[in-house]
Amino acid sequence: MGMMLKIFLALLLSTNVLAQQRFITVASTTSTEQSGLFKHLLPMFESKAGFQVRVVALGTGQSLDMGKRGDADVVFVHAKALEEKFVAEGYGVKRFEVMYNDFVLVGPKSDPAKVGGSKDIVAALQKIKAAQAPFASRGDKSGTHFAELQLWKMAGIDIAKDKGPWYRDTGSGMGPTLNAASGMNAYALTDRGTWLSFKNRGELVISVEGDQRLFNQYGVILVNPAKHPHVKKDKGQAFIDWIVSPEGQAAIASYKIGGEQLFFPNAKG
Amino acid sequence: MLDAILSGLGLVATLDLRLWEIVGLSLAVSLSAVALATLLGLPLGAAIAVGRFPGRQAVIVVLNALMGLPPVVVGLFVYLLLSRAGPLGELGLLFTPQAMVIAQTVLVLPIIAALARQSVEDAWREYEEQLRSLGVEGVRGAFTVLWDIRFSLLTAVLAGLGRASAEVGAVMIVGGNIDGVTRVMTTTIALETSKGDLPLALGLGMVLIAIVLALNTAAHLVKDAAQRRFG
Amino acid sequence: MSAILPLRLEEVSFAAGGRAIIERVSLVLEAGPSSIILGANGAGKSVLMRLMHGLLAPTAGRVAWSGEGARRRQAMVFQRPVMLRRSAIANVTYALEVAGVPAAERERLATDALSEVGLRNVARRPARVLSGGEQQRLALARAWALHPEVLFLDEPTASLDPGATREIETIIKAFDAAGTKIVMSTHSLGQARRLGDEVIFLHQGRVAERAPIDRFFPQPASPEAVAFVKGELPWA
């Protein structure tokens, strides 16, 4: 019985090892996945590179955790401070900037906090708190959630202490949070990409956009093969090299929804 | 609501190869898991039904309780097992359909085993004396009864299939919902819902229900025919 | 192969749920005469049979067969036959398989047994669609195929109509003629008279009387048996 088990596991392993060669695993965020960016980008890369890119789309927090555990070859997220920590702690090789998009504040057409049309996100958040207008937060350790918390801090509000029943912590991804916001006629912070492809808007419209502080930078990092020897470093690096190359950057810029560009490439050099 | 359903069905009717790939994968994963769970669960349930050992009642209680395992917890557990940082990481099974089959098998096994246990135990009351009179003991008796009641065990298998095809928590975590690789009906529905594309999600939901209904109907007809044939 | 009879019961008792069902029964069953266990409902006939056949373990006392391999050389037919969801003949070959009979011989032995009880023509039919009487005959065929030394029958015709009952009794007589020891419980006096050589009369878990059939009928010795025969003791 023990012998059979060993043979079975050996077979499983060997067929898996063979299969493993043909793809890399990229841990990314729900915003990039749900915006449709990967559906646009990956076919271009895969036909050139000859191997598959499998994207597991979770939140930033979970993606970085996957990288730490060695369950991904590359992480592609948008939380600079966390990414730099990731590399500093030895889990990642090097952080490359790839592209940015921006966040927008969406809210009900009726605009109870009277923030519509403004370009000042900080002031808007202060008004929302003052008016106790419903606000839906992701609350899921994602890049977006992180950014939201930063903005509250900038507004001088200790949201953990000062939140009231008007602040709804959905603990979920961007889509479900927007669904909740739509259902509750609440304000919410979202990345433009997800918003553009979101179909269940209800009465929500963009309330605040264009503030420099809503700028959202994406970075790509190869998971450190020193920590996880099985990481497919050549293929992973090939993907990173492509995405920061002029070709990859052009591919990013060419992705549009309804004629509108979602992500702006800004890889250095 | 009706609009959403109709437009959903419309979308689905015109939908492409992609949809059928997803349906195919869903069926492959869930049917494989149910097959595995049946192979393991029927003998397990029968053995517990017929066996007499210390702690038997406790085993039965735990087995029944495991029927209510939350899928997302099973997913998490299997994820931790299969993660590179985990004990079975070497196998590189995470984010593959195989991982999904494993997770669903774990989820469905208690259901099939517990229901089989109940059915066999009930039947054993009828068969026990005669079988023991013929000199049939223990394991052999369990398997004879198991085979004899095989058509009523279909109900247990269908319960398992229902659970597997309906769940999203386990396959989401261990499969990663990777486009073209580990995306199944339930995770697609979850994804489309979270993207706000409710008509499409509904349409897919209807397809899923239709498939499960078809499988159940087939099983019912088989059971019926068998009843008439074997008495 | 030594005989497994005589069967000795030594001070056998059986209690369940706080109630004594069989109380200190001592008996010897010899090969040859068919023994009828007679008694009212609740007297303990079924339990006694099961103690003898080994389906129940006594709570006190000993059930001792002579010779080796007693387990395999007995068979029992119950009031309600239990058939597997297979064909009639498959039920018989199943029993032969369990008994270790080589595969090549099973079909033949099974067919012979079915012929013996007159079920040859329904050999391939699903056992469970047969009538009650036919299923009981099938149970006897199953036992016949095993050529047991002892055949226990626990009220085998209680659920059958008179026609089926007659058929069963004919088969039991055939067993007897072939040398199988019959141990049968019944509460039908007529059946006891037709099939039995001796009567073991059970009353409230004890053997109240044991006598050859000609002495028991027309006049039993014990008062309980008298009352039973007269019809005053349907329930113990």
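The letters A, B and C name the chains in turn, as written, and every chain counts its residues from 1.
One rule holds in what follows: a residue touches a chain if its C-beta (ideal position, glycine included) is under 8 Å from a C-beta of that chain, and two chains touch if they have at least 3 such contacts.
Note that the coordinates shown come from a computational prediction; the quantities given were computed from them, not determined experimentally.
Visitor: Going by C-alpha centres, which chain would you call the most central?
Guide: B
Visitor: Sort the chain pairs by how many C-beta pairs are in contact and tell me the top one.
Guide: A-B
Visitor: From the C-alpha centre of chain A to that of chain B, how far is it in Å?
Guide: 33
Visitor: Averaging only over C-alpha atoms, locate the centres of chain B and chain C and give their separation in whole Å.
Guide: Each chain's C-alpha centroid was found; their separation is 46 Å.
Visitor: What's the distance between the Cα centroids of chain A and chain C, rounded to whole Å?
Guide: Using C-alpha averages as centres, the distance is 79 Å.
Visitor: Listing for chain B: what residues touch at least two other chains?
Guide: If we look for residues of chain B contacting two or more partner chains, we find none.
Visitor: Can you name the residues of chain A that touch chain B in the complex?
Guide: On the chain A side, the touching residues are 9, 12-13, 16-17, 20, 25, 30, 34, 38-39, 52, 54-58, 68-71, 172-176, 178-179, 182, 194, 197-201, 228, 230.
Visitor: Taking the touch rule as given, give the residues of chain B at its contact with chain C in the complex, in rising order.
Guide: Touch list, chain B to chain C: 126-127, 129-136, 140, 144, 148-149, 229-231.
Visitor: Any idea which chain B residues touch chain A in the complex?
Guide: By the definition above, chain B touches chain A via 83-86, 89-95, 176-179, 181, 191, 193-198.
Visitor: Spell out the part of chain C that touches chain B in their complex, as residue ranges.
Guide: So the residues of chain C touching chain B come out as 50, 53, 55, 71-72, 75-76, 78, 81-82, 84-86, 94-95, 98-99, 126-129, 142.
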